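We call the chains A, B, C and D, going by the order they appear; numbering starts again at 1 in every chain.
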Amino acid sequence: MGKFKNVLMLLLMLLLLAACGNTSTEAPATESEGEGEAGTAGDAGEGGTAKYAFVFKNTGNPYGEKMYEGFEKAINEAGGEVIYRSPDQPTAEGQIQIIEQLITQKVSAIAIAGNDNDALEPVLKKAMENGIKVLSVDSAVNSNSRMLHVNQANPERIGRVQIQAIGEMINYEGQIAILSATSQATNQNLWIEWMQEELKDPKYANMELVKVAYGDDLRDKSVSETEALLKSYPDLKGIIAPTTVGIAAAGKVLTDKGLAGEVALTGLGLPSEMASYIENGVSPWMYLWNPIDVGYAAGYASVELVNGKTGALGETFEIGELGSFEVVEDGDGTQIMLGDPFKFDSSNISEWKDVY
Amino acid sequence: MNEHVIQQTDNIEKHTLSNKLLANISKFRELGLIVFIVILCAFIQWRNSSFLTIENINDMITNAAILSILAVGMMLVLVTRGIDLSIGAIIALSGMICAQLVSQFSLNPLLIILIGIVIGIVCGVLNGVLIAKIGILPIIATLALMNVFRGLTYRISNGEWVSSYQMTDSFLSIATGKVFGINNLIVIAIVIYIIFYYVINHTVIGRQIYAVGSNPESAKVSGINENKILILVYSTLGGLSGLAGVLWVSKFASAQGDTATGYELTVIAVCILGGVSIAGGAGKVSGVLLGALLLGILQNALPLLNVSPFWQTGIQGAIILIAVILNTLVKRSVDRNNLVRRKI
Amino acid sequence: MNNKSLAEENYLPNNLANKKEFSLKSFFLQWEWLLILILFLVFIINSILSPYFLDANSLLGATSTFLDKAFIVFPMALIMIMRDIDISVGSTVALSGVVMATVYNSFGFPMEIAILVCLAVGALCGLINGLLIVKFKELSAVIVTLGTMILFRGIAYIILEDQASGNFPDWFNYFGWGTAGNIPFILIAFIIVAIVFTLLLHKTTFGRNVYAIGSNPTASRFSGVSVDKIRVIVFVLAGVMAAVTAIFLASRMGSTRPNVASGYELEVITMAALGGISTVGGKGRMLGTILAVFIIGFLQYGLGLINIPSQTLLIIIGALLILAVATPKLKLPKFLLRK
Amino acid sequence: MSEYVLELKGITKEFPGVKALDNVHFKLKKGEIHALMGENGAGKSTFIKIITGVHSPNKGEMYLYGEKVEFNNPKDAQVKGIAAIYQHVTNFPDLTVTENIFMGHEKVSPITRRLLWKEMHYEARSLLRQLGSTIDPKVEMGSLSVAQQQIVEIAKAISTKAKIIIMDEPTAALTARESEELYKIAEKLRDDGVSIIFISHRFEDMYRLATQVTVLRDAKYMGSWGVDEISNEQLIVQMVGREISQVFPNKHNEIKESILEIKNLGKIGYFADISFNVRKGEIVGLTGLVGAGRTEVCQAICGIAPADKGEIFIKGKKVKIKKPKDAMNFGIGYLPEDRQLQGLILSWDIGRNITLPSMKKYSQKGWLNPKREATVAKELAEKVSVKANSIFDLVSSLSGGNQQKVSVAKLLTADVEVIILDEPTKGVDVGAKSAIYEIINDLAAQGYGVLLVSSEMPEILGLSDRIIVMKEGRIATTLSKEEATQERILEAAMGSEPTNNREVVVEV
């Protein structure tokens, strides 16, 4: 009798599977009527609108929301359907799942801000094999796994300009420190490399980079790290924080300790997060590109790729109102590069803080 | 007969004496913790002289304040043999809602604190009801609600942060203001500790919480309403988490959807360091306070000592494991002493 | 039957049946049916919501997106049946993966050796957990594995700092992505592991002992069951399966980092609880667990296909978990109650 | 106003599968010490729990001072002035003595609801002093000895100003002198007008204290008498229901060579210098008061809580037993005292329970063989005559006696030569009891060596070939079947004068 029970259970399971199996053979058939044989999915022109996906690092991040805003605007202008996805934690595993789902949905292009330089390679290659155009934006994925990278700004310029700024703020004299995130996406480390390069210039001879601290992009940790910097180096004159959470946390600490004017702060941060600290003078100025523009560029770049561009060196991409950009070299891969980072100071911060 | 009595009293006197000795040994934990903290401080001071400055101590305690507020609530939950994994999510939810309210209506800071606490209590009651009334294991119930609360936070925030310029000065001053030269956060933590010390040690309810954790069966026989106590502790912790959410947002001047992710484990670690037993029944306010202080010192000192950030997690894990294992060994030797003292 | 009086009992024939009677009612009142129903609903709703869902290729391919962590569900089920819990599995995945990559990249051993080392590290992590738990019975599994969770992750950070380590050979990277016909390797591996664990739990003395320990640890010990040994073995199994997950994860990502697989422990516990593994021990079956893996996996996948934001997914899975564990506790109508 | 402070009429209480109380009556006068007697499992504990509101009866009425009352929870009973000291000490080990004493009726300041620690500590100290003890009320309960905890429990009952105090075997863990102290306390309470329900196995307690005795047997009310109205023999007949000699089949077993030998076994804090042997075909009785260390000795032999000192020999060969499995491998089977907690897996069926200890034997290289298991389980279950429909019936649905039979069947699956039975008839109804006695005798006849631990005098006297009496962790005396009488055993178990002092630290 026990056997009978098992057999019955198994039969019912099989029935269930069979039911799924049946429908699963039918469903694609009805689906593919209009599309021809499965395979090339990047058919923007024929049968329905093309779908453009934007995948950010994680949910609940205003920087990503703003980027998506630009992306959506671009796609709306060019015509197409937009999909916005991000995992709830900033992990590559989460992004892999999402990309697989996008492949199944036969989107035309995926623009992704990668959580990991290399880990997305297999899945993005799979996407490209399925005819999906892949480009990275903001945080690059390696050159094998993308056709193009949309760089918010030249990393060299980003690195150098921050040193130049802090130099100016502290009269090219004294100790400085960097408060970074732990860089999961390599851009932070790249910027820091360029900062160190810039420091070799003789005009910074009297400046000393004493420490690179990591705040993990966590509020509480960034605060402790900033406080530790201030105590370990009482003569510290300036802090560079090339990350939104870090610079805002440092701004808060300097404000609370009344160190405006004594320790200068600059770096990269969202205007909305930094408005208070620019207005109160803790950070005379700081930089950021406009994430809306970055997203907008990614949107148009997606459209251009779907329309047949390949992202090869020397091609020109038309980016709506931003004009046209030439594809340039980026290590092994190619990229288009938006302009220098934008400078936010007390004169313009109030108009930008409500924007992003 | 009289002789008998005298002899007996004699024996009992002896007994009481050794009992007192034992009581002292069981206090060893707190003493041990204090000694450990002192040695640690001396070591850190030797390596970095800015450690024991008034400014740094002030920073350190301010940073540990929120942690210690949560830890005392978590202690009550652990004492009843429970656990709450949802507090990080409650902090985020209450912080986000309050920050949005502030940015739109610029409410009075006291009112905001109240709203935060109420949000926390609602979440806590939900935990408590699932655990006490429906009988779901605490770890599963709070795990599920952690997902729900965190998801809700993202839904409400719509991916946006609330930034410092959107907050009113009065709201920001919750965390930066001072009373008699002491930071508000520290003041709030002290007030909470006094209240909890009083409630735990000087009210019936406080002792009932321990009774439920110490022996649920006897508690029932003694006429204690276990369900009521369970819901009470979870909603208390919820309320404290809600308060912590407001303080967090005020302190860091920014409300994000992923605020305090994983913070529950830090809080539990504080309790374990402070000698709270996960098996229930045991745990002292003083112990938890010392545990919070120890973790606060670690978090403050590791960067000061220039410890590589990549070693910090490992060091924390090792210290927690060593602390609980030491605790067990000490307890074992005390129990063994008890046995040796017994007649055979 | 329950309330048979003593007198009545004494008149029963002294001749016991040793064949089980088949009762259609109790057969259909099994937890697994509810899960099958839910799985069915998930399929129906998903196929209504998204035209892409019931594409045979995608359906099979979809399994590879959620099966990596599913390997840990099996030992976790055993652990939970024994009234324990292991929240260090995510960190074990990270540590064993990181060691594997380091052995391959920094020490130049062949990948085959690196894989073996990975499994060994996983087993070692499990062994540490198991030994701490049985040697310090005063500590619950929650405390021990909370400590080792932080410690293992910390060691992974010490080894690799914030770097990724990859450059695995092609055959290794193919492992996580390749298919035999339409069936992904990972699904095949999952089926094999599922069969092994199902047999282990339901058809061997080991599995019987696991149930015994979960139902009544004292009585099991008194009956000569090697409680400590079995607990340690099960935790080692959890470590090994975490290492298997690490291998597939590394293969699918072509590299590994110290921060991978964070939060896996909670997802795995969710799956096991939904699968009907009783959280107070002694109850639950592998079939339910397997069904729960597919319910959560296809739910995530299907809702992903219609681009539901991941935060909504968090809420849905949280609610599903509460529903799953609360349903049997609620008072069912009498006719639905089992025995 | 009724003459009785407490009156119970026709109380019936059923649990699934068991009728714990069947139409029981009880009357208690003011200032009376009323003994409640009956064998284990007669329903005394359930009866108390009805009075204290832990359980509510299925049928029957309860009157307090002539007024009908219904208790829904323990608090109700507490408020009405009923307090109980339970057989198994039920306290809060993590809390202090003061807290334990005042749990449920704490002293609080009327306005602020603040706990009045000073007053409570003071009162606790004076309560304890009244009881002749100077336990520090500020120490944790868990650090006290069982006897001290018992005193605290009594202090707790007194502190509630209870008018009715129930003492459930309060002297079981006490020395003679401590018992004497307790008698004095009880008498003093009685003189103050408190009524006491006194439950004890010991006739001495009853004769020393009680004026009235009520007897329960097999959940039924047997009657109530004045202590001087009824002879000891009559009382025993009422409690046991038949002459003792009728219950125990008197067979002569052939006693062969020694199979288990214990030498100088000791465990710090539990027992010391235990030496004895068990021979094939012999039933050795091990008795003594509760807390004398009998169970601990058994558990040491079985590897559950191994001893620190001494040696164990099986068939002349020295063995090391560190865990239960070792003991089973050496052929020692153990039937634990608490079959629900330690013996059986209640949520499992009969068959699985029976085959649990010896699954290796019925499996092939680790793979289960359900058919073979079922055959073996059926055979064994029938051998010990378990009453059930099938081996797939859940153990939780069986009566206590049948559960115990399943426990015995479990032992028989293994290759066991020595069987240790710890209180095998505890909580078992009389019908099943004689069945179990028969099984025990059969086992001895088949050549098993049996070590029988029991507090029930008739059982020990009726079954054992040799009787070892333990007292305070040591062997007090060993008596042959012919020498043994109830009086001699009790004398050895309690000692007329305290031989050593409980409070002294003994180096072991």
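Heads up, the rule we're going with is that a residue touches a chain if its C-beta (ideal position, glycine included) is under 8 Å from a C-beta of that chain, and two chains touch if they have at least 3 such contacts.
Every value quoted in this text rests on a predicted model; they were computed, and no experiment measured them.
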Original post:
Among the remaining chains, which ones contact both subunit B and subunit D?
Top reply: C
Original post:
Based on the averaged CA atom positions, which chain is farthest from subunit A?
Top reply: D
Original post:
So, what's the distance in Å between the C-alpha centres of subunit D and subunit C?
Top reply: 43
Original post:
Per the centroid of Cα atoms for each chain, what is the distance between subunit A and subunit D, given in Å?
Top reply: 71
Subject >> Distance between the centres, which are taken as Cα means, of subunit C and subunit A, whole angstrom >> reply: 34
Original post:
What are the residues of subunit C that contact at least two other chains?
Top reply: 19-21, 162, 309, 311, 313-314
**OP:** Hunt down the residues of subunit D that sit against at least two other chains at once, touch-wise.
**Re:** none
Original post:
So which bits of subunit B are touching at least two other chains?
Top reply: 150-151, 153-154, 257
Original post:
So which chains end up touching which?
Top reply: A-B, A-C, B-C, B-D, C-D
**OP:** Could you please specify the touching residues of subunit C with respect to subunit D in the complex?
**Re:** 1-6, 9-10, 12, 14-21, 203-209, 211-212, 215-216, 218-226, 228, 282, 339
**OP:** Write out the stretch or stretches of subunit B touching subunit C in their complex.
**Re:** 83, 130, 134-137, 139-141, 143-148, 150-155, 257, 265, 268-269, 272, 278-279, 308, 310-318, 320-321, 324-325, 328, 331-332
**OP:** Going by the contact rule at the top, pick out the subunit C residues touching subunit B in the complex.
**Re:** 85, 132, 136, 138-140, 142-144, 146-155, 157-158, 161-162, 258, 266, 269-270, 273, 279-280, 309, 311-315, 317-319, 321-322, 325-326, 329-330
Original post:
Mind pulling up the subunit A residues that touch subunit B in the complex?
Top reply: 58-62, 64-65, 88-89, 182, 211, 213-214, 216, 219-221, 223-225, 227-229, 231-232, 234, 248-249, 252, 256, 270, 272-273, 275-277, 279, 353
**OP:** Would you mind writing out the residues of subunit D in touch with subunit C in their complex?
**Re:** 14, 16-19, 302, 304, 323-325, 327-328, 334, 336, 341-348, 350-352, 356-360, 363, 366-368, 374-375, 377-378, 381-382, 385-394, 397-399, 402, 410, 414, 429, 431
